[in-house]
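Same chain, two partners: chain A is paired with chain B first, then with chain C.
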Partner chain A sequence: MTAGLLAQYVMNGLMLGMMYALVAVGFTLFFGVLDVIKFSHGDVLTVGAFTALATYVALHTAGAGSRWLELIAMLVAAILAMAFLGVLIARYLVLPLRSAPPLNTLLITLMLGTVLRESIRLFYPQGANPKPFPALLPKGSIDLGGFNLRADNVLMLAAGAAAIIGLQALLNRTKLGLAIRAVAQDEETARTMGIDFTAVVLVTFAIGSALAAFAGVMNGLYYNEINFGIGLYLGVIGFSAAIIGGLGSVYGAILGGFLFAGLQVLGTVLPFASAYKDVFAFAVVIALMAWRPTGLIQEKISERV
Partner chain B sequence: MSAPSPPVKSASLVPGLIALTAATAYLILLLAVEKQTVVLTVIAGGIVAVLLAAWLRLLAPVSQSFAAHEDGLGVFAILAAVVLGLYFHEDHFVLLLVITVMLTTVATLGLNIQFGYAGVVNFAGASFFGIGAYTSAMLNAHTAIPHLIVLVIGGALAALIGSLLLLPVLRTRGHYAAVVTIAFALLFKTFLEVNDVLGGPQGLQVRGMKILGWSFNDNIELGWITLSFYMNYFVVALLLLVIAFILVRRLERSWIGLNLDAIRLDEVAARCFGLDIARWQITAFLLGNFLIGIAGALFGMVGSFVAPNNYTFADSLILVSILLLGGIGNPWGLIVATIIVIVVPEKLQTIQEYRFLLYAALVIAVLRFRPQGLLPRPVRRYFSGSPR
Partner chain C sequence: MRPIGKTFVSVGLAALAAAAIAAPASAKDTVKVGFIGPLTGGVSANGLGGRNSADLAVKLRNADAEAKYNYDIVVFDDECKPNVAVQVATKMAADKDIIGGATHYCSATAIATVDTYHKFGFPVIVWGAVLPDVTYRNKYAEIHRVNGTMINQNDANAELISQLGYKTVAVIHDTTDYGKGHNEYFSKALAKIGKAQIVGTFGVTADQQDFATELTRIKALKPDVIYFGGLTPIGVRIRSQMDKLGINAVFDGTSGIVSDAYIQGLGPLAEGTLAFREGAPTDKLPGGKFFMEKYTAQKYDQPPEAYGAFAFAAMNMLIDSIEKVGPDRKKVIADLANVKDRDSIVGKITFDDHGQNAVPVITKYVVQDGKFVEWDDSEYASGKRKLPGQK
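Then we have the complex of A and B:
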């Protein structure tokens, strides 16, 4: 294998890994504050991508000129709308089910994901077909000895990294972050210290869902195509990534995201047919679960007997 | 001075009989009507009737009667199914629908052992159903194994392949266990799609069932009456359902069922009482997958076609939603929920397109407002007629 081809594989892996990590971080945040899995997360991503597309179509028909303006408008619209959707889901579906068995929360959010997905398929114009997503980032590329380093990929990676670093800064350096960590650590104590539990939970769901919207736009820009099913696929992968990393740990989610992407890329390179890359990746997930039942980075409270 | 009244009056058989008869008549009506407006009216009428009965407090005697005379009413229910089958003896489509309901119920009975009794989550039900179906496709095409044994092999293979998941399923808890089965469901579907031996995305034809030279795919001529060939499958599916139902019911009432309940409800306490958690979880997982696999193997032959798209994660979710809708742990509830989930969308052609949306909305509503399901699991009874 040439160095150029290898660099290409690494680049693919990094792009996929960044998207998976952004989704996985959402799962980890929700689990951290509320100990629940919000399985509609992937479909929130889809709705975010479609919101961005609709914004683009609206702006384009209205004749807004600059590409950058369109791109920023898409991102802002998708992120705000999904943050709001995340708050609604937390407020009306997740919080009321706190006392119910965890299976119920898992199922109700899985079913909500189906509702979102099917709604796009049925009610978005021609929603059942894949939709072209505009390529708004600069298309230039530099040739590095057989490997084309594309400007749009570099920009997306940088933006994704910025989002994750921003989240870290938010969690570790702000009062809000302190409140979120306090709730994640111990809900009762956090309440006694005067933290508004419900508000923190809602804000956390807004942040996680905004990250999903960001990942959705990134996915659209990367493949230049979106369809109503991307969320289910990305959601399951993000969930698996969060689980392999260890739920409740942001670093674990990032590690899991890049690990899963690495497995998929490895699956395409390995001698047996590349068609089996997903089979390979999911089989490794199952094996990893057998080896480390609570993820590679242990959950913060592992003994709860 | 009056004689003291007996402390507990044994519930009468009559309300249960009336309810079953009414339900059967209603089902026949629903299956017989074709015009969309009439179908809508019948369904609306059914909902109103149930709500009215609940409002008039007529449902309590029915459930008491079911609790007290389950065996007798079970025989009557089989009779009702036979009447239903004979009524539609010429109608291929309706019989196929009824067989689908019966086999889906068998599959959800398997899931019920896992989720409902042992508390082992399984989000790959449709995959194990698919393993059964593909088994009958491959074995019927390439071997001369008798088809009744093929059914058993289908179940055994589903249990065997499921046992690959045992280690991760046993070691993980809660969400972590869910991801194992979800990953398996996705892995299985992708595997079927890329594997050429198993037909790839196009799937495979399945040869019809044959028992002792009796081909199931021929219509039956009895003198002047012609029965649809589906009547053959109807009989086998009904037998399978009855056996699975009795098995699950006996299991629940036995000490095994008690053990399973104990480990679901409180693992630590169960361990303190000396129960081997892993052993019972393995038993429940394998037994459940065995039932699902048998149902799948028969369904492969009934449908005479298998393709990866029928065994996706979404289909597994439908199985789980039937379980929740019916009320986890209650086999009678499963039958009702399966009929609702399978028959209503088939009859209402206008909502076919929206059926996934409607299922999902229905399950959300049930989980949010009636988390115990439509027919929740009653307290275990050992003596008929004993008070609650």
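Then we have the complex of A and C:
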């Protein structure tokens, strides 16, 4: 294998891994502050991508200026709308079920995911068909002997990395982050220290859902196509990635996301049929979980969130 | 008083009865016929085109004063998913009022439902699916097919690839019955000619998003041609991701991508894509002009797409049989078994002992300037334009 090809595989893996990691971080945030698994997360991503697309269509038919402007408007609309949706879900579905068994939350959000997904299929114009997503990023590319380095991929990776670094800074350098970490660590003590528990939970759900919206737009820009089913698959993978990383740990979620992408790439590169790449990736995940039931970065040694 | 009253009532009843008997002269009995195709999902463009075409056959017949019955079309959506298809097929076949159906564009759904139709004794004419097994795996009297099978199109495909001097082919196929069948018959056909060889075969799932890794492996194999056995949605994704990785090979598709949706999904990137389909292009069919005129007159929202003419022919044929033997499933099956040289807009139809119509013509297509153009008429065949690596 030439160096160029290897670089190409690494790039493919990084792009996939970035999207998985962004989804996995959401799962981990929700679990961190509230010990709940919010299964509608993937479908929030889909709604985010469709919100961005609708914004684009609206702006474009109105004839609004440059593609950068359109792109920023799409991102802002998707992120704000999904942050709000996240708050609604937390306020009206997750928090009221706090005293119920965690399975109830899992089930109710699973059903909500189906409602969101089917609503896009039924109510978005021609929602059942795959939708072309505009390619708004610069298309330039350099061919480095088997490695096609594209400007849009570099930009997306940089933006994804910036989002994750921003989240880290938020969690570790701000008062809000301190409050989130305090709630994650020990809810009761945090309350007695005067932290508004409900507000912290709502903000955390807003952040996680905004990250999902970001991943949704990135998914659209990368493939130039979205459909109502994208979140289902990304949700399952993001959830698995969060689990193998160690649910509750942000680093674990990122590690899990890139690990899963790496396994899928490896599954295709290995000499057996590529049709089994998902079987391979999930089988390895099962083995990893059997080996380390609490995830690669275990809660004992890492601080939650 | 009483007898008179009775007489009065009987006269009244007699008059009513007479009116009821007289009525059919203007209002005929209504017979229900069914249609199943993918109306939503990635290949819905083809499904809607087929639905409109079948609907057109029914409308034209209802407008015909000579017709013995008035027809009502019952439409179901199989979403191109086998599990959904079995449900709607059962629903349709279990409804005793529906006499027969023109069913399925997708091979995966057509093959999934043959047993259901057989169990219910429900006659169907398949209008789009090309998997040979649909008619040939069993000898079910209920199943017929007006279009040809993928064996014929893959023979033609392998022949053109070899003729153009290509030496290496990478195969990507989806892992449904449709994709696997294409892989099998194309590989066989290419090996038989012996001029080109397959350097790698990749199975992908029908709803996969990311093909970067498969395509990166393919890029290293440096094939002249990427053969794709699958349907439009992932065809669009693969072709567009080929471009992102800078792969400059000929994209060689099957009948599954012959749809306007493929070109709309890709824009200029679709240029130079090869595809193969059984039957002549609609405008070159014996009844193509007639069909297109009538179709346009109805002002449907969607074009008939590549298989619309077959859906029209299938529905028309079913109605012909009902006209001949009456609305009785068993009699319709018996009538369809004897179809020989029957005229249709897609040419003469003859069903063999498996209910399969032998379609002699395969159309080779290449996308040129945003349209599927017949290969022989294209600037690629005349040498004015060149496919990547074409000698």
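One rule holds for everything that comes next: the second predicted complex is superposed on the first by the 299 of 305 C-alpha atoms of A that agree within 3 Å, B and C clash if a C-alpha of one lies under 4 Å from a C-alpha of the other, contacts with A are read in each partner's own complex, and residues count from 1 in each chain.
By definition in this document, contacts are C-beta pairs under 8 Å (C-beta built on N, C-alpha and C of every residue); 3 or more make two chains touch, one makes a residue touch a chain.
Nothing here was measured: the structure is a model prediction, and the numbers come from that model.
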item	value
Partner chain(s) touched by A:141 [first = chain B, second = chain C, both, neither]	second
Partner chain(s) touched by A:132 [first = chain B, second = chain C, both, neither]	second
Partner chain(s) touched by A:224 [first = chain B, second = chain C, both, neither]	second
Touched partner set for A:108, first chain B, second chain C, both or neither	first
Which of chain B and chain C A:278 touches, first, second, both or neither	both
Touched partner set for A:188, first chain B, second chain C, both or neither	neither
Contacts of A:269 with chain B and chain C, given as first, second, both or neither	second
Contacts of A:9 with chain B and chain C, given as first, second, both or neither	second
Contact residues common to both interfaces of chain A (with chain B and with chain C)	273, 275, 278
Touch list for chain A against partner chain C, complex	1-2, 5, 8-9, 12-13, 15-16, 121, 128-130, 132, 141, 143, 146, 148, 150, 219, 223-225, 227, 229-230, 233, 264-265, 268-269, 273-275, 277-278
Residue ranges of chain B in contact with chain A within the complex	115, 121, 165, 167-168, 171-176, 178-180, 182-184, 186-187, 190-191, 194, 268, 313-314, 317, 320-321, 324, 353-354, 356-357, 359-361, 363-364, 367-368, 371
Residue numbers on chain A that touch chain B, as the complex places them	31, 37, 93, 96-97, 100, 102-104, 106-108, 110-112, 114-115, 118-119, 122, 232, 236, 239-240, 243, 247, 273, 275-276, 278-279, 282-283, 285-287, 289-290, 293-295, 305
Complex interface listing, chain C residues touching chain A	40-42, 44-45, 79, 175, 201-205, 207, 209-210, 212-214, 216-217, 219-220, 233, 236-237, 240-241, 244-246, 261, 264-265
